[in-house]
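You will see two complexes here that share chain A, one where it goes with chain B and one where it goes with chain C.
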Partner chain A sequence: MSEAALAQKIDDPGLDETAAKLTPERIRTTINRVLQQENSARLKAFVGTCVSCGLCSDACHFFLSHDRDPKYSPAGKVKQTLWEMIRTKGNVSQEFIVRAATIAYTECNVCKRCVQYCPFGIDTAYLMTVVRRICHLLGVTPLYLQDTSHSHASTFNQMWVKDDEWIDTLQWQEDEYRDEIPNLRIPLEKEGADFFYSVIGPEPKFRTQLIGQAAVLMNECGVDWTMPATPGWDNSDMSMYSGDLEIMGRIKRAHFETARRLRVKRVVMGECGHAYRSVYDVGNRWLGWREMPIPVIHALQFYWEMLKEGRLKVATQMEEPCTFHDPCNVVRGMGLHEMARDVVRAFCSNFIEMEPNREQNYCCSAGGGVINCGPPHTKTRVLGNRVKAEQITATGAKVLIAPCHNCHGGLEDIINHYKLDVKLVFLIDIIYAHMHKSNAI
Partner chain B sequence: MPENGHWNWEPGERVIHEVKDCDAEVSWLEELHASPDGEQVAVVAKLEEGYGVCVNGKLWEQTFDRAWYPKFSPDGRLTALVNVDGEWTLAVDGEVWPETYTCLWNTLFSETGDTIAACAQADGVYGMVVNGEIWEQLYDTANEFNLSSDGKRSAAVVVMVSMGQAEIFTYQKGCYSVAVNGEAWDNRFVNAWTPVFDPSDKRLAVQTRSTLYDYTIVVDGKPWSQNFSATWEPRFNPSTGAVVAPVRQAGKWGMAEDGRILWDPTFYQLWHQAFSPDGKKLYAIGAPKYGRWTLVENGSPWPLTVGDMVEDLTVSPDGARVAAAAKEGGRWTFMVDQSLWNSWYEMIWSPVFSPDSKHLAAKVELPGKRYTVVMNGKPLKETFEQCWEPVFSPDSRSVLIRAVQDGKFKRIVAGVHDF
Partner chain C sequence: MHSIYTFVTGPLVWVAFLVFIGGLAGKFVYLTSLAKNKDPYVFSYLHLKYALRSIIVWLIPFSTRNMRLNPVMTVVTFAFHICLIIAPIFLLAHVIMFEEAWGVSWWTLPDAVADVMTWVVLASIVFFVVRRRVVPEARYVTGPKEFVILGLVALPFLTGFLAYYQIFDYQTMIILHVLAGEAMLVAIPFTWLSHVMLYPMIRGYMGSEFGAERHVKDW
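So, the complex of A and B:
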């Protein structure tokens, strides 16, 4: 069997064991309920408009990485899932549901690159989220992604971090970084601060240095900031991707209401992509907010602001050749690519663009909740993104900057699998190493 | 709010303390905290070694490896979470509780302040500590903590079945319950959230889901007969004891009472409901149109709406009026009596009604990070570097303003007509 074919045979009890319990009746009623009640006009327009022209195919990294196998084309994914559900009026088998879930959750990053290529603007990513919603309501979701959604429901963060572990981590990071910056503070629960800094579950769990580095940045820039000592601190949202929209709403409400409780004017979030989509597009709107009720800005915007205001000062520049991976949600979603480049160029003397780049960039293949589907599906996303490895290699860069947690996880696996000679960093890693630190000893 | 008639309500202004002063060598002073009566201002002080707590410039005798979360109880006692030799405890007016814990956080008070509680972790198990005594029964995890208004009962969502990594099927069988004073209900839930006590502190209601899709309200262990696709936090009617909660049906939100629909599910959002003290009026924050927010009175939305957000719903003591913070176009004002105040602010705090319900006051932020208090839409002439939420006198004629001006913490008693 070819590497690619192997990748398709996956055991995941979250898919197989759950699907085995489904009755035809439950499948049919669930599909029809979602199609008729939850998604009417937009869905019908998209599905009815596709002329199978294939223009979207070359947009998709899965299609390109699998030697143009039509199964992996955006329209092909819709055909194998939603079209069939509609055509059969929901009369599909358990096996069909497993395959549909596998496609929607693990072979599409809902990255929206293909949307840009469709002459009718058909949003395949949205259609895949409809499939995911159906699968969630049927209980057929990849085991690890479901576990993450359970964590959101129980703890309001994605890594089962308990209330006290969160506080302890912040205080420990504050102590740790005082070795370098003796007057460093992570001000907890400071009501009326200008902003609250929000992060995602993995930061207190295993990327704690990102919190410490951000604290150094805040202190050096002299900003009025705070972090909550309560749940609501985590901006991430894997329930949005698993299709559990009710839990998505619950955790987004906690996030925005924590910001309101602290009387902050805005939220600055760390280097995460998907959480941004959840606050500015999906989660807020499910709750009835047309826009973000309290503005949330991404770390890239914040660094850029600090640099432009002269608060963040460059001490040295990184000379190693580096390149920049544009995360889908902050670039295609929010257009932050030029701000990102301004910051990168300020701190890096040898910046090389990836091709294609900016809103044309290929997804990391971890996005859209795919990395949270866990070890059973690692191969799918790594083999499904050979083009990303080629893109990185072509730059000749030794440092790869990716300002997004999921991109990091995905790119790390790509670097290992394709044996790329490149070091992966967050932008804050570079800023922290090269900024002027007036309070350091 | 405890009785405050004995406070000094003499009109006028008094300087309590120069906020930079502390009778010890400090590396820095953290955020200021004003006592409810405005007679004290407290601050955590970073010392050369460890931390102290400074009240009106006087350092508590004992210092700590860490001190944070300074909070005044409603009866004016100052508490702080403190770490001594790697263990946590709570200090009250400088005296520490005798017991220590691996972690202690989220200090809670009863309405009068006579009970002080906190969430605790002791050697890997979780519960609550009330007046220095930890629950007898502790759990592998606990969260969503709450304390009854009389302080006699404390509640949390607790885990009853320990789960290994990614055990989704065990999870979906229901591993959580609700513990009151440490004792868990017999029920098992997939999830439970927001335990709330009734006004007499005898009953408890929570939101639950019994599968990934079936949400309902459970009162004293008894679930409503009806499930919904989502719910928000329940509230008790103070007069009838009925329980109401926002519920979602077919993609829209309504209000249910004891499981039956009370307000039809026509809202894009509905939450933060609150009763008048006589239980006759039920108010809530809602979005009758997508992206447009207002207050809802007995099921009818007010005709005016704002686009950004409505929060901090506050019912007047007589129950006839309701106010909230409203945000539109990035600026804040107050929504009250079916209209918006004319002035807009950078930031606003919760509205506060006078005891006779006639006046409404609040702390607001002006451009340039100056603060003041606004009464019935009119600002005080003075502005401050910092101020706290206003407190009315029992006769509703005066208001206490606690503020920092020119580096001095001041206690100002103003007449309600001085604005």
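So, the complex of A and C:
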């Protein structure tokens, strides 16, 4: 069986077993509820304007990686899902729903690159989130993604981290890095600090060194910061991607309210892309805020600020040839690409651009909740992003910087599968290794 | 024959323009009031500068990455739209009809230029049809409806051309020409031809989102 055919044959009880319980009546009423009541003007404008020219196709890494197979083109995905739901007025089969869910959850990263390719600016990513919303209300969600959403609902974090484990982890990291920086602190619950540093579930769970490294950065920059000891510390939001908008709103509210309770002036966020999308684009709007209710800045902005203010000083530069992956949500989503390059160039003497780059960069294929769909869908996203592997190889770089957790997960799998000779790092890894540490012993 | 001609060039023109303009106006009111009720934040994010930036950039040939990736399509699309709009408005025969009816007239195209423009429109439509049959990503999303719409756009130009050169029976052809033009106008609000109005609406909104909220280019 070919690799592509293997990728098609996916066994996910979250999709198959749940869809098997659906009645035609429930499918029809749910689809019509979402299409008629929850969405209307934008949906009608986007769907009614598409001239089906197929010009969006060149935007999609799935399309390009599958040798221009039209089933993977943005318009092709809408045709297989939403157009059919609209045409049949919701009279579609269980099998159709499974296929629609597979497309919307695992073959589209809602990266919005296709918006930049459509002559009309039709937001296909938005259309895919409408399909996801329908699938969520039908209970047809990839099992692992649903588990993540359950974790958000139960613990207010993405990875079932218990309240005491969270505090314990922070204290462990404080202890760990005191070997190097004796006066290092991770201040908990400090009311009125300048900012609270928020991270995503995977940091305490399995990328714990990132918290320690961030603490070293804070220490060196001499900033007044804190971390909460209560739920609300996690800025991530996979419910936003599963279509569970109600839970999405709850966890975003908890995050913003934690900042208010601590009376901080702003929130600084670790290197995560989707969490940033959830505070400036999706979660805030669901809660009725035009902008973020409290300023939230991404790690890239924070590093840049510290560098420009002279608080963060470069001790040595990394000489290995390196390249930079622009995460969709902070670049196409917030235009942080130049700030990121300023920081990268300060710490790396041999920086090579990928082509295309900045807002034109290819997605990592893990974003949009796709990586959270778990092992059953890994091949889909890895085979669906051959162009990323080619893009990285073409740079000849030995180090790949990706300031986003989901990008990391996706790129790690791409590096392994395509056997790329490149080391994957976060920007903080490089900063930590090459910054001036005046308090270190 | 003459009474049919008088009918299609008289009352039916009024009907066609009323449906065309009324249909688009109705669609505009319907979509904006729907947006006010269901997607109110569309309005909170509208930003004049970035809306215009997006609308204008996408009207300049080769200004976007995708236009550069598809040079032939870009040339054909721009030539097609320019000729499609300019030729009928500035055609001498059309202007004369307006002058006879209302006493107003404006600058007109030399007939030879109008001829070339008609050819461009027809050749472009042939290109679009072939492209939709040959290019897999276009073929996959193309249905019979798309060819009907392309046919509706082609007919007024084809019949106009045949009438001008008096190929076949002139009287029949000119009536068919007027009918085809009216059919196209009537189809605009009810098909994706409505992109004539939805283009600035969607671009305006998405351009604002990308420019003002995301601080990034949408091309």
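Following the convention adopted for this analysis, the second predicted complex is superposed on the first by the 440 of 441 C-alpha atoms of A that agree within 3 Å, B and C clash if a C-alpha of one lies under 4 Å from a C-alpha of the other, contacts with A are read in each partner's own complex, and residues count from 1 in each chain.
What we mean here is this: a residue touches a chain if its C-beta (ideal position, glycine included) is under 8 Å from a C-beta of that chain, and two chains touch if they have at least 3 such contacts.
Here the structure is a predicted model, which is why all the values come from computation and not from measurement.
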Figure out whether A:Glu359 sits in contact with chain B (first) or chain C (second), or with both, or with neither.
second
Contacts for A:Asn91 in the overlay, against chain B (first) and chain C (second): which applies, first, second, both or neither?
neither
Touched partner set for A:Ala41, first chain B, second chain C, both or neither:
second
Of the partners chain B and chain C, which touch A:Pro293 in the superposed model: first, second, both, neither?
first
Scan A:Asn32 for contacts with chain B and chain C and give back first, second, both or neither.
neither
Should A:Gln317 be classified as contacting the first partner (chain B), the second (chain C), both, or neither?
neither
Overlap of chain C and chain B interfaces on chain A (superposed complexes)
38, 290
Of all residues in chain A, those that touch chain C in their complex:
38-42, 44-46, 48-55, 57-59, 63, 68-71, 73, 75-76, 79, 115-117, 119-123, 280-281, 285, 290, 331-335, 356, 359-360
What residues of chain A sit close enough to touch chain B in their complex?
13-14, 17, 37-38, 136-137, 139, 143-144, 146-147, 150, 153-155, 162-164, 167-168, 171, 182-183, 185, 187-190, 192, 229-231, 244, 246, 249-250, 253, 256-257, 260, 263, 265, 287-291, 293-295, 374
Mind pulling up the chain C residues that touch chain A in the complex?
31-32, 34-35, 37-39, 41-42, 44-45, 54, 58, 64-66, 69-70, 73, 77, 135-143, 146, 192, 194-195, 198-199, 201-203, 205-207, 210, 213-219
Touch list for chain B against partner chain A, complex
27-28, 30-31, 66, 68-69, 102-103, 105-106, 119, 121, 126, 141, 143, 165-169, 171, 176, 190-191, 193, 209, 212-213, 215, 229-230, 248, 250-251, 267-269, 271, 287, 290-291, 293, 307-309, 311-312, 327, 330, 346-347, 349, 365
